[in-house]
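The chains carry the letters A, B, C and D, assigned in the order they are written, with residues numbered from 1 in each.
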Amino acid sequence: MVLILDLITQGAQMLIVLLLAPLLIGYTRKLKARLLRRRGPPIIQPYRDLLRLIRKEVVLADNASWLFRSGPYMIFSATWVAAALVPTFATSLQFSWTADLIAITALIGSSRFFLALVGMDVGTSFGGIGSSREMMFASLAEPAMIMIAFTVALLAGSTQLSVIAHFMLTSAGLRVSLGLALAALVIVALAENARVPVDNPATHLELTMVHEAMVLEYSGRHLAVLEFAAALKLLLYISLIGCIFVPWGLAPVGSGLNAYAVGLASYLGKLAVGGFLLVLFETSIAKMRVFRVPDFLGVALMLGLLGMLLLFVSRSF
Amino acid sequence: MTSVVIALWSVAALLGVAVLAVVTLRSSAATLLTYGACLAVSIVILAVALTFLIGAAQPQSTKLPFGLPWIGANFRIDALAAFFLAVANLGGAGASLFAIGYGTHEKAPGRVLPFYAAFLAGLNLVVLADDAFTFLVSWEFMSLSSWALVMAHHRDPENRRAGYLYITMASFGTLSLLLAFGLLAGGSGGYTFADMRGTTAALPGLVLILVLLGAGSKAGLVPLHIWLPLAHPAAPSHVSALMSGVMTKVAVYGFIRIIFDLNGPPAWWWGIIVIPLAGITCVLGVLSALMQHDIKRLLAYHTVENIGIIFIGLGLALAFAANAMPAAAALALTAALFHVFNHCVFKSLLFFGSGAVLTATGERDMEHLGGLIHRMPLTAFAFLTGCVAISALPPLNGFVSEWLTFQAILLSPDVPSWGIKLIVPAVGAMLALSAALAAACFVKAFGVTFLGRPRTPAAEGARETDPASLAAMFAFAALCLIAGIFPGFVIDGLAPVTQSLVGGRMPAQSTIPWLSIVPVAESRSSYNGLLVFSFIAIATLAAVEIIHRFASRSLRRGPAWACGYFDASPAIQYTAGSFAQPIRRVFGDVVFLAREHVDMPPPGDPRPARLTVTLRDLVWETIYDPVTNAVWFTAEKLSYLQFLTIRQFLSVVFGALVSLLFLLMLVMLVWS
Amino acid sequence: MNAFFSEFTPLTAVLIIPAVAAAVLALLPGYWLAARINVLATLATLIAALALLVERPPVGGYLFVDDLNNVFIVLTTFVGLTTAVFSASYIGHELEIGRLTPRHLRFYHAMYQLLMFAMNLALTANNIGLMWVAIEMATLTTVLMVGIYRTHEALEAAWKYFILGSVGIAMALFGTILVYMAAQPVIGEGAEAMVWTTLVARAAGFDPALLNVAFVFLMLGYGTKVGLAPLHAWLPDAHAEGPTPISAVLSGLLLNVALYAVLRFKLLLAANPAALAPGPLMVTMGLGSVIFAGFMLYRRRDIKRMFAYSSIEHMGIITFAFGMGGPLANFAGLLHMVMHSLTKSGIFFAVGHIAQVKGTQKIADIGGLTETHPMLGWGLVLGVVAIAGLPPLGVFMSEFLIITSTFARQPLLAVALVAGLLVAFGALFLRLNSLAFGEPIGSTAPVKASYVPMYIHFGLVLAAGIYLPPTLVVWFQHIAGLLG
Amino acid sequence: MNASSLDVAHLLAGSMVLVSFMLLYQDRMFAMLNVFALHAIVLSASVAWQAHIQNAPHLYVPAAIALVLKGIIIPIALHRVVIRLGIHRTIETAVGIGRTMLLGIGLVALSMVVMLKAAAAADPLAREDLAFALSVLLLGLLMMVTRRNAVSQIVGFMSLENGLILAATGALGMPLVVEISVAFSVLVAFIVIGVFLFRIRERFDSVDLQALDEWRGERR
């Protein structure tokens, strides 16, 4: 019975993240427009865009290889699997033990790996710019993420997200390390999702693009898949922050339907708040030069390391 | 016939092949003959080792009337030896298979074939040896034969320099090990490993240092790694694969054998020496790799990085073992050994790929390549698999061992010693950093070599390589995947090794549902490569299916857009140098004192603008330059003694006589 | 003095055959026959020496054979034979290019046999005076052979060798006299007080102080012949300027003979409890020679001179080993001596032909040998690998034993030795790189050389590195026990 | 043997040391050769005296050799050489005469201490002789290394060798003395021949008319 329920939750989660991701994008865009005193597109605009892109014909560069065509799907599926394994509204996912926090980080890493590769496939200069900058950011963001994972794992005594969430719910007091980790995670999230101040998802000024530069040569359904993947990634990070730092409302193992309803509601709430904070931050700050980003990410790395060190030193005497 | 006897016969067979190769050098079949025989023998030893390991058999030893007369040549197989035999001969078999095709392009087979077989024999002998003398003989025999292979293309002065550096460093390492064994054996001359196990050395700490020097210089620990990125690429590619994939592992074996097995119980501070060294090795290795544009040298620098990862595991195991945490020690050791296996597989695979590229284009410099994915798609696919694996990305094998290492790091707060507490987090950060940088580096390696557009006619005219080479590459690519999705079996295979070395083992994995792996307890952490892989596969297929159901089939080929200013010249592509530039900006000016100098001519001046980047190898400048300079200075000064006149020589003799008499007088005066 | 040539036993044969051969060759014109006779004579001597192994003659008043000198005798006669074979082809070539005239050749062959005689006499002598005379004779003959080319360098080298050698001889003689003076009160006047066996037997009663002074002189005197730094000055030039067979014999044999003398006297001192231990002096000089020679290897431009310095290095190692003493180190020292003789003479065989092909001894003018002359080139590689102490060749085994056994007792000394070895190693391979590999330099004309002696030597070294026959081991271990 | 015989032996040996000092002191060629002749004659006297008191007749042979060869023939031969090759009549020194003398005194002191300490057990006659012999030997060596001039270096070597003969004859009943002295005569003969052969002129350091330093092995 429990197994079946868990399977259902797992399946539900996979669908939910799939459905919510574009909505989150639309929501943030709308909010941003509002904050900038514009009316902005309707919230469901991203869905339309995706459909439109899917229907369009694909214009493929002459020397695009098989990797260029299969890349988007791999990127998408890797991101999706990662997103599906982060507890969103219930901790009791059937397959949550398939990949712990480190593995999820690595999954995102693989999707980035392929993204950077397809960026270089056609052999234009912009693709190269995008890939090389992306990897440079990643080379700082990923260790920071691992440090955060260590910090949390040392506290919770586990790298399993469901266990961590449960631990946070029940027995986590206020810890300095947690604060540091949160700050670090926010920075990483900003960088990973190509948001201001690291990158600007709305820009089309070539030399400032990072993520956009990599997908520059894409069109039609390929572009749609990539956009979808990006949306999923944003959702993933917000739900990650939610799951680790504000786990309240997560439906615990084997609880009734109403608990699940509560969990879902609270999850939507978290998304809304998270998206709002994100937009608020983005509108209140300007994009920084590419070579100031390493400092920005370095801060995250240092914060994560600091949090971990504190735990190491304050452990077991 | 026991496994050890079979293994020894196989080694004898390899030596026979070496002789045979010399004899049949003239004939055209020599290449096929030699590599075929090597392949067969390697497979035999591999089978023996695997059966031994899986059967968890008792150690077997034998003794031949060679070597040191009064102790003979002792050989032994135990779990550890069996595992490394398996790794070595796996690499050997792969390299031989690859060489069946690759070797036909060799200009001077006479300088490769005999030494190749001898090299394989040496690798196996080191692992089988059970006394100090046999061990060192095999060890140096291994270095010697590989030196000959490095010198195979000796007309290139770079290769000669590499060979010289290599053989000198190898001899340095051997002499350090010699001293270490001197300590372990004691004055009575108990040179067999059995005796050494029985007694504890006079200064175990000094033994550790000496072994770090000896085995470390062979494995490529910073700062003893300088020869490696020169020598490994200089050899023919299948030999590079052996040197990087197997020989460094045999060096690791030497370290484990001496430190974990012979040197008695570890002291609390050993880990504090090994772990930071390993961390620095990781980061320095991968950063140097990022700065390369010679693909084989890039791979060689990555070997340095991976050796660092392995030694992090070993250092943690030492720390845990010193603090009576056998389970944790087993985990760390398993992680290290798993990575030994993984690195052997994907590094060999990558060197095979680079070899295929080298034969197809005659180029090692990535700046002259590009677009090969169109011309050699199969090679590209295999190479890509290797890149994903070495970048520690799920679901392939590289991730699993790195994940295990992370899990071991997460156990380290329980170690009481303060040093560990302070060091391990930093090293964890280094490990994570090097993992991320590795990913960047292989995006560069694959992207610049295989993607984009060909930068030279050589790359333009490349053709897919021969079936034998492809077979080897795909076999290893498959291994990367299998080890990645069924890690549990590998871990269980390693259990007897850890059991015998640190007296503990990881929980049995193969019984866990869904074949996921659980280092300590499921509540703590678990990973399931199989499911991750199948999820990704399913999700991809589903996505493709669904999208294609709704999407328009229509697809049009056109020139790339590139925001409108698309230029036909492939020169505008990002090069290896430009790809690494951001990372060089971030890390380079600290680690390499990187300096960029832009020479921008004023408007109207037809000169091309020119960017020059200077990197400095601080390790070389701070350690090796002073030593070489000191030696040459001394040689220079002493050399005057060659040019004295007879009378001056006489005065030297006279002085010696008088001073000795004077000394004697003093002694006798004091005496009476 | 000819009293002991009375009856013809293997022992006397070892001496008589070379002596007679010398006389014959001095008169015999014609190269072809002379070379053959030379080889035959050395072969006969070798057979006689081997016969010594089978049945050992009784200890005589002037001559005797025991385990120790038997090793040296066999080694000397064997290398004498192979060198004779090599010199047959080498000298033939010298004759063709006219560096030597037939008149020289008579002289050369006679001197060669005379040298063999002198060395065998020195080895078999049971009388310190006789041994001294024999070694002096050996020195003089080699002096004459070194100068045989009559070039300025050759004369200079010969002259230097001669003067330094004479001073060494004088010191050795003084030491010998002192030993006699020490023995005379105990044993009584007359020849008996100079007989080895008696001396060793009754050394305990000698005046220790006198023995100490004696050993200083003997060490310096015979040490000059061994070529230990700082008494080595004659050695490199003598090797470089003489005919290569002589270089081979010098490095392979004469140095050993001098070392044998030192060892004998070390035994003498060891037998006297009150005397200062000779070990430290030998260890110091040995270590000094290793390190000094190691550094000297770097700036050499003449290939033969370079290997001469390597001989100094190895003599240093051997002296060091014997100085350390103890069964393990002595065994190793003995083994190392044999290995070095075989390897170094083998190397000189190779170098001789190489120099003949290229028409020069300058390292800078020789290159890429493995391509142009594979047999010579790989032979040289093999030789250098062996002499550098790399397994699986025999030198490694002795170095292994020396270092490990030393490190257990005197760690710092072992480290210093290792440093010296490493320095020398670097130099040797640096030169090998340019000699054997790289673009061929100099003449690529095919050479008609006799590879057999060279490869026999290397083959033996290789075999010894892998498998030492038990009888040999027992024998050496016994000697090592004797040396204490 | 009685005290007086001891004294005579002692006296002769001591006088050899004295003559060695005279040799060191000489800075003119012919004078040096004469002093060397004296050195040899004293040696032969001492050897003969040893032969007398040890009543070992075979010792008269070395005495005779010393007298004839080194006392007469070689000095004359060297005279010839000097004249024939037109060698400078004054001796070129590496270390000044004065300091050489000081060094010499130091050496004599050294050898005295060493020998008297060492040979404490040996019988007095021999011990004294030994001490003197050692000093003669060292002085000869000192002469070889402080004189640039070839001839004086030969003379130094020969005086060194005289010291050896003195020691050898001083050793009671030492066998092979004759052979040894003969052997040494051969050696000396070689040297003198060498001088003729290689036409050594000014300096031992080189062996040809034009100072042949550059023929030394591997010159830079």
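The rule is simple: a contact is a pair of C-beta atoms (placed from the backbone, for glycine too) under 8 Å apart; a residue touches a chain by one contact, two chains touch by 3 or more.
No experiment lies behind these values; they were computed from the predicted model shown.
**Student:** Comparing A-B against B-D, which pair counts more contacting C-beta pairs?
**Tutor:** A-B
**Student:** Compute the centre of every chain as the mean of its C-alpha atoms, then state which one is farthest from the centre of subunit B.
**Tutor:** Looking at centroid distances, D is the chain farthest away.
**Student:** Could you give the separation in Å between the centres of subunit B and subunit D, each centre being the mean of its C-alpha atoms?
**Tutor:** A distance of 69 Å separates the two centres.
**Student:** Please work out the Cα centroid separation of subunit A and subunit B, and write it as a whole number of Å.
**Tutor:** Taking the mean C-alpha position of each chain, the two centres sit 35 Å apart.
**Student:** Suppose each chain is reduced to the average of its Cα coordinates; what separation in Å results between subunit C and subunit D?
**Tutor:** About 31 Å, centre to centre.
**Student:** Between subunit A and subunit C, what is the separation of their C-alpha centroids in Å?
**Tutor:** 79
**Student:** Residue numbers in subunit D touching 2 or more other chains?
**Tutor:** In subunit D, the residues touching two or more other chains are 114, 117-118, 141, 144, 204, 206, 216-218.
**Student:** Can you list the subunit A residues in contact with two or more other chains?
**Tutor:** none
**Student:** Hey, what residues on subunit C touch two or more of the other chains?
**Tutor:** Each of 159, 163, 167, 209, 212-213, 236 in subunit C touches at least two other chains.
**Student:** Throw together a list of every chain pair that touches.
**Tutor:** A-B, B-C, B-D, C-D
**Student:** Quick check on the complex: what are the subunit B residues that touch subunit C?
**Tutor:** Touching subunit C from subunit B are residues 65-70, 132-133, 136-137, 140-141, 144, 151, 154-155, 157, 160, 163-164, 167-168, 171-172, 175, 178-179, 181-183, 185-187, 189, 191, 631-632, 634-636, 638-639, 641-642, 644, 646, 649-650, 652-653, 656-657, 660-661, 664, 667-668.
**Student:** Enumerate the contact residues on subunit B facing subunit D in the complex.
**Tutor:** Subunit B residues touching subunit D: 642-643, 645-648, 650-651, 654, 657-658, 661-662, 664-665, 668-669, 672.
**Student:** What residues on subunit D touch subunit C, complex-wise?
**Tutor:** For subunit D paired with subunit C, touching residues are 114-115, 117-123, 126, 130, 133-134, 137, 141, 144, 157, 160-161, 163-164, 167-168, 171-176, 179-180, 183, 186-187, 190-191, 194, 198, 204, 206-208, 212, 215-218.
**Student:** What residues of subunit D sit close enough to touch subunit B in their complex?
**Tutor:** Subunit D residues touching subunit B: 94, 107, 110-111, 113-114, 117-118, 138, 141-142, 144-145, 148, 153, 203-206, 213, 216-220.
**Student:** For the complex, which residues does subunit B have touching subunit A?
**Tutor:** 370-371, 373-374, 377, 384, 388, 391-394, 399, 403, 406-407, 409-410, 412-414, 416, 421-422, 424-426, 428-429, 432-433, 435-437, 439-440, 442-444, 446-448, 451-453, 514, 516, 522-528, 531-532, 535-537, 539-540, 542-544, 547-548, 550-552, 554-563, 566, 570, 572-574, 578-583, 585-586
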